[in-house]
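Once you've had a glance at the structure underneath, I'll fire off some questions.
Chain nomenclature is as follows: A, B, C and D, assigned in order of appearance, with residue numbering initiated at 1 for each chain independently.
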Amino acid sequence: MGIRLGANHYGKAETRVFRIVRDTARHVVRDLNVSTSLWGDFADAHVAGDQAHVLPTDTQKNTVFAFAKQPGIGSPEEFGLLLARHFVDDVAPVARAEVRVEEFTWERIDDHDHGFRRRGPEVRTCTATVGDGGAEVVSGVRDLVVLKSTGSEFAGFLVDGFTTLAPTRDRVLATSLTARWTHETADRADWDASYAAARDALLERFTAVHSLALQQSLWEMGRAVLSGDDRIASVDLVAPNIHHIGVDLAPFGLENPGEVFHVTDRPYGLIEVTVERDGEGG
Amino acid sequence: MGIRLGANHYGKAETRVFRIVRDTARHVVRDLNVSTSLWGDFADAHVAGDQAHVLPTDTQKNTVFAFAKQPGIGSPEEFGLLLARHFVDDVAPVARAEVRVEEFTWERIDDHDHGFRRRGPEVRTCTATVGDGGAEVVSGVRDLVVLKSTGSEFAGFLVDGFTTLAPTRDRVLATSLTARWTHETADRADWDASYAAARDALLERFTAVHSLALQQSLWEMGRAVLSGDDRIASVDLVAPNIHHIGVDLAPFGLENPGEVFHVTDRPYGLIEVTVERDGEGG
Amino acid sequence: MGIRLGANHYGKAETRVFRIVRDTARHVVRDLNVSTSLWGDFADAHVAGDQAHVLPTDTQKNTVFAFAKQPGIGSPEEFGLLLARHFVDDVAPVARAEVRVEEFTWERIDDHDHGFRRRGPEVRTCTATVGDGGAEVVSGVRDLVVLKSTGSEFAGFLVDGFTTLAPTRDRVLATSLTARWTHETADRADWDASYAAARDALLERFTAVHSLALQQSLWEMGRAVLSGDDRIASVDLVAPNIHHIGVDLAPFGLENPGEVFHVTDRPYGLIEVTVERDGEGG
Amino acid sequence: MGIRLGANHYGKAETRVFRIVRDTARHVVRDLNVSTSLWGDFADAHVAGDQAHVLPTDTQKNTVFAFAKQPGIGSPEEFGLLLARHFVDDVAPVARAEVRVEEFTWERIDDHDHGFRRRGPEVRTCTATVGDGGAEVVSGVRDLVVLKSTGSEFAGFLVDGFTTLAPTRDRVLATSLTARWTHETADRADWDASYAAARDALLERFTAVHSLALQQSLWEMGRAVLSGDDRIASVDLVAPNIHHIGVDLAPFGLENPGEVFHVTDRPYGLIEVTVERDGEGG
């Protein structure tokens, strides 16, 4: 039995491009981290060291900068699609291109024309993929850190010989959420509005749902994104449970009725769930 | 010539304590990272392995949690002072205590009573030191990331045989600011208001000053903090220059009049400056 | 069209367990970071908030610690399999379990019986998956940082309108390698030896192959792993290209014939490739 | 009372320079992270925005690269001194220069002439300072991660109302050591040998000393460095205590006689101590 080359792709990761639109004195800025990946006929680069089909990753970086100037950055999704289409349409050996974009948020300081401050920790994300005659866009957010100081329970769970956890009817629920939602089509024009609506739906449901488990909160959050935007096909949610452990203050003669918590880093619960429309996926 | 024990101190770093004030349905939360350090008569622990004078760092951690319950966390500065005074006053071998506090900001989601989101990237800081019959408080902020898309120059600098940089009359100025300001006295009651005013002064000056150099911006920012609060004695500013390099698009037939920039990570300029009242320091 | 729950799983990430085997004065240590994930009938936890089927992640953590004692940690692969089999066999709602293990290396200081130092930066990894009546083991390494100071070219590549890179016949080639290899069967007993042989094959080929492209080096490295161990089915390689840029010293009257380089962080080329046996995969 | 400019300095941080000595086929490599800081007459840059005295940080970076070529990198200490002397001697407004160097270790793969792998996690450090007619060199190491699986106690400590920790006669002792030692003089030629000897003395004492406290181990480690090299004046040690907590396995019917530990990240004890020659410091 021989050995053969399997799936492969390559690209330029983390090109940090900052774009100022300075048509008027009131500047608009977009601050992106762009990663490009190409699939295609690259077997010779591997097995023979022949680069004739290889568009250097340095060139991919240049392309990101050039496209940031012209046609410019309308939104992460639009920019990702433009780049992915370029690689597939204009570079012969490329059959498929994936462009991942992270956008960092800047907000104006006192509504100033050209003074800004970073707003975090959350980062807007998108992945635009072009190939096989089609295009797919996945929008999202990462590091959206949210917390409820009450309105969260965890009880009635399965118990085995390794269980020591006590059930609770009132705990702190916190997570650093990553969410990604897949659009039905790449042909929409309202990327920024769609992003804001999905993020707001996630925040609203996280807050308002009385949580019997992080799983339940995530389900309701995903449902809200789909209910609010019929051009979104599915939502993937990845939620580390940032554990807030109530501290035992009894040795010091103090009660602790849900007031003082130790925030721990590791280990952490990690929940991953997809919410989708009936008839989708599997 | 013999060998001797020199300066030494020890403590517990990064106790992550989260406090909920739940007197009413509208919860208030404070989220701190607390580090304690003790100075005193600890020579025997080193040279003889005798721990009789050593308050374990585990006990210091417990103390942070107990104090978070009672008397509670009024502000980072007040909490730090309470802890530092406790260690010096109540633990015999301790001559001096330093408590460093980082506070993470949570803002309400849609003005909800118990639903919050993290606001960053900046973190409020303070160091409270008690000993030698006195107390000192240094307040501050770190990772306050700010940017001006114009209104910044860098020209007329010293040129030597290793200079290749071209002067510029219009560049992007960006930094992740760390500022620390020392109060004239530890006896103030307006810590939260003082913090907000100092941070706002830093932001306002960074934005409004037409910058001939990052040094000049920092000087003006420090001056504004001192001008706005006569109980602040001095301000230390540490400012990495987050370089935004204009990309040469000429090879692609494009002009780039201050529109497309490459944001670089390393190396970076690093400016450190103290602004103080006449008669202070050296 | 309705909305439904899609794929979901959950678990405890990053349980840091340290195990000392102290049967003799010559201690043996194993230092692991263990993450468990469970798949199964967890729909009610999401849609109804009913935890009856949910084994808490806290219990999963306890199980990791208990298994570290008994039966103990033979190797990352063996330990991962034991845990995964336990979750599937002994916890009724669990249909599939995945256990990811990272192992940190400690080497003896001067061959001491119980004094050790960490050896890095590389970390040994494995993923053991049990379910659907079978088991699969993927072994690997991450952050294996390697460099060739010569013996690497990059030339003859595709040129388009965005190309500015010059071809080179002598460059520095460096990467922080992540490699994962899938075993034909979970029934092997030589996990430690197999790991060492695969890692050594990667190192040997990286060094010895005159590289016409990082892709070619990776292909040869993957081939060597498969050639050396007929119970490995395929190898996935992920290789960020740590760019070493030759510095232009001409402005300072100096030549730079491949002697002085600027090591950059971002952006970086990123190559991903699978090498497999004929008849495998797709 | 007016406001004035206080202490200030500036420089270029984290210039990553890689140097190949290729005089023979057996290449020698040095991989450095260099940060330069300048003190001097820079008041006008702050208060007037006048850069006439300011050597741009970009020029400092260029100087690092040029010096890496010529005269080259003999050792971190020698390279740091050369750069610091250049800035003070050749750039008129500069009164004092500090150059911090980190060196990353590469070891040969199978004794190959030009194939290398990174060796970590520890990093060699040095700070060379020139000014006021003199020069000072501080050498060191950071992230030297060491562990003893026995031979460490912690008992007999001070107990107060917040103490819950039990004394122990057998625990795991682990730290990620940072050590810095100040040389009596900058005029030595054996920097590499001196570094190796100091590091080995730290490792040997950490291992061999039966530890009654981390403080005691550090004292013995510092003493050994001074005893072994009479041109070292003092040693600063910073040692976070990486806590390994014995896991309570009793709920699962298992004993745990020092075999299974939970490695925690935060909080951690932090010990800082200076060991010096009699007649030094204060």
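The definition used in the following text is that a contact is a pair of C-beta atoms (placed from the backbone, for glycine too) under 8 Å apart; a residue touches a chain by one contact, two chains touch by 3 or more.
Computed from a predicted structure; not experimentally measured.
Taken together, chain B and chain D share the touching chains A, C. Greatest Cα centroid separation from chain A: this falls to D. For the pair chain C and chain D, the distance between mean C-alpha positions equals 30 Å.
Inter-chain spacing, taken between the CA centroids of chain A and chain C, is 23 Å. Per-chain CA centroids place chain A at a distance of 37 Å from chain D. Shared interface positions of chain A, defined as residues touching 2 or more other chains, are 15-16, 62, 66, 162, 164, 251-252, 264-266. Against chain A, in their complex, chain C makes its touches with residues 1-16, 35, 37, 42, 45-59, 61-63, 66, 90-91, 93, 154-160, 162-165, 211-213, 215-216, 218-219, 222-223, 226-227, 234, 240-241, 266-282. Chain contact summary for the complex, chain D toward chain C: residues 15-22, 27, 29, 31, 62, 65-66, 68-70, 106, 109-110, 112, 114-121, 144-151, 172, 203-204, 206-208, 244, 247, 249, 251-252, 254, 256, 258-265. Against chain A, in their complex, chain D makes its touches with residues 161-162, 164, 251-252, 264-266.
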